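Labels run A, B and C following the written order; every chain starts at residue 1.
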């Protein structure tokens, strides 16, 4: 199995390896070209208007909004698992904490959702520290168990706990939404949710991008590749892990609040393992640990099931087969594959531009 | 006194089931370093094939069960050859194998759904009747499950301890490079491991569906619980897994009998949290596992 | 009997061995000397199949090994005793030895092989039901060697037999290796220092993945510059 790489000669030093990973994780843009960034931004701003003109546009917008919310969570989860190598399965639980916080405040205590949504990240961060602390001493796989335990405990609590939280086991179904339904005479709600989601998504993506390219990001990678080496270079694993948990929990909780208010409901079905596995697949499919990976993966797994909806009964079957095929044909995830293509496309572009110049 | 008997019986039953499922997972992890998330769907294959033979083709129960197990083993074989072998050991293996098995499980479950529909199916028991423990009577099927599980565990252990191939499986799990140098054909070994593991899952499916009914999603929960048992017992350790299966089974049963079923799962997980805080190296102190 | 021609091998983009050619005749003991990191282990791995060479040919008695899988190379009779022993930690000494005889031809002869191995390494007989991980460094080395002898070897390739061992044990070990060679088994040793080159008939010098010199053990012993670089 590990035939070729049993003992890599240490000439390829650890620092070099980390540097390489840093650059590959940045995808084709190590330093984003402001022009391309600007174009993407403009497209993103115009997009909802274009889509809403299409048949089924509302549904498509709905998918994109979901993509924003889940994309935030998946990126945060990737930061913990893919980049830092901590096998935490508590991300959904944290998402739930955020969602429930704002849901309870808005539903039962009459808070304005625009205000309560900002409490979600705060409680989520606190929760993440509670979950995170015991995992600090655990190695590898046992973190899975511990975080799964919290996941299950929280599921139990939200199903059988006090009525304001559990709604009798069915969750909260009457969570106030952000009020877009009446703006501009109605009908523009999806577009407005799109913008809110876009803002949150962009902030999250940017924050993660900054962290990945900072010394903190390198420290995370060092922790994953070799904890002993990292410690010998002065990285204090405890503080970094706690920061990691808190940082990713913040945006996870925000995502939870956002999606809860968008859908106007939250229920314990959130804890179903099917969802957990789906989210895991999003990270892995796009390319574990890479920057663009989770975004690509979330996109695919949000869109693909719907694209396959045409196949109706055969939808899940096709999905399963598609996943298996992708795994076999692109073992390193689709992210690296796609970023390869994009790089090639840019090179081609640049070459043809050079050819045009006299 | 009754409660105690209930709890012990329930624990043994639960532990046996967990053991059957978890053993397969641990074998695969130990040798292939792969998390086989299609394990639950192999459970389904066993159950549904047996059910089909009994209900649509009027086959008697025992042969149908055997065919069910064989069918699961065959599906495992196919999965190994088509999905696993192409990416074995290549870069990205860890995650690609995960996705591949997830994809396979989704596909298999949807095939079952398409053919059989979502309605719950009842599997007839292999052993009719009941037996009495003092004042409680329990289905004989339960006894059958316990015996079948213990027998399988025993046979598997003997196979791994004594036979040339069994030892080779252990060797490959412990030191793959050295195993290659002994001339052990690792690909064949992996195939054997997968087939055995699939057969175990199929056996669990065949036996359990008479107690727990058969639905397209029936394999999922046993698999997740088995995963927990596997990790708890020390991934890759047969002995640890068996112990963990019965400990967790008994714990769950005692929680259900003495505190009510709503406490079962949370109690279990609380126990685990406490355990992991006190003993960060897992139940048997097997120390750090290399990777997921 | 073992002929390596124009071998190139490496890891990823970096080539470690460049156009390497050597041979081991029947019954010979050959040593490849080289500093650490210059490709000694890579050489053995390229021959035994743990590493696929990028170019060149490896032949055993005329049959090409280059495109065979590791297990087939073992079946052909090339036994590689790896650096670090790589014993099966949770298996007993007996079980480790049994695994050495995994291939069916060797398996059938395992009883005789046991006798041979226990004769050479009596301490293994003493510890035969002990788990391999509880053995001392020297005992583990002997186990690795004994395990290699359980197969039907035509040639034994040993990677740094003296690594990490106490001087007294090293002496005994090389004497045993000499004994094994004298019973007719060809041996290819790689080593970092020249302390024990008298166990071999011929010596190659490996530097930066290239064989820079070849000669008989006696010639090398007389070479003062060589001794200065490679001794101790």
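In this section, a contact is a pair of C-beta atoms (placed from the backbone, for glycine too) under 8 Å apart; a residue touches a chain by one contact, two chains touch by 3 or more.
Because the structure is predicted, anything quoted here is derived from the model rather than measured.
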- Taking all protein C-alpha atoms shown, work out their mean, then name the chain whose own C-alpha mean is nearest to it. B
- Task: If we define chain centres by averaging CA atoms, which chain lands farthest from chain C? Would you check?
- Result: A
- Query: For chain A and chain B, what's the span in angstrom between their mean Cα positions?
  - Reply: 31
- Message: On a C-alpha centroid basis, what's the spacing between chain B and chain C, in Å?
- Response: 42
- Whole-Å gap between the CA centroids of chain A and chain C: 50
- Message: Where in chain B do residues touch at least two different other chains?
- Response: 177, 180, 186
- Item | Junction residues of chain A, two or more chains touched | 3, 6
- Query: So which stretches of chain C touch two or more other chains?
  - Reply: 50, 70
- Query: Hey, which residues of chain A end up touching chain B in the complex?
  - Reply: 1-3, 6, 87, 134, 137-142, 144-146, 148-150, 152-153, 156-157, 160, 273-274, 277, 280-281, 284-285, 288, 313-317, 319-328, 330-333
- Query: Once bound in the complex, which stretches of chain B touch chain A?
  - Reply: 32-33, 37, 82-83, 86-100, 102-111, 113-114, 176-177, 180, 186, 220, 224, 228, 231-232, 235, 262, 265-266, 269-270, 272-273, 276-277, 280-282, 287-292
- Message: For the complex, give me every residue of chain C touching chain B.
- Response: 48-50, 69-71, 74-75, 79-82, 86-91, 95, 98-100, 102-103, 107, 147, 151
- Going by the contact rule at the top, pick out the chain B residues touching chain C in the complex. 164, 167-168, 170-171, 174-175, 177-186
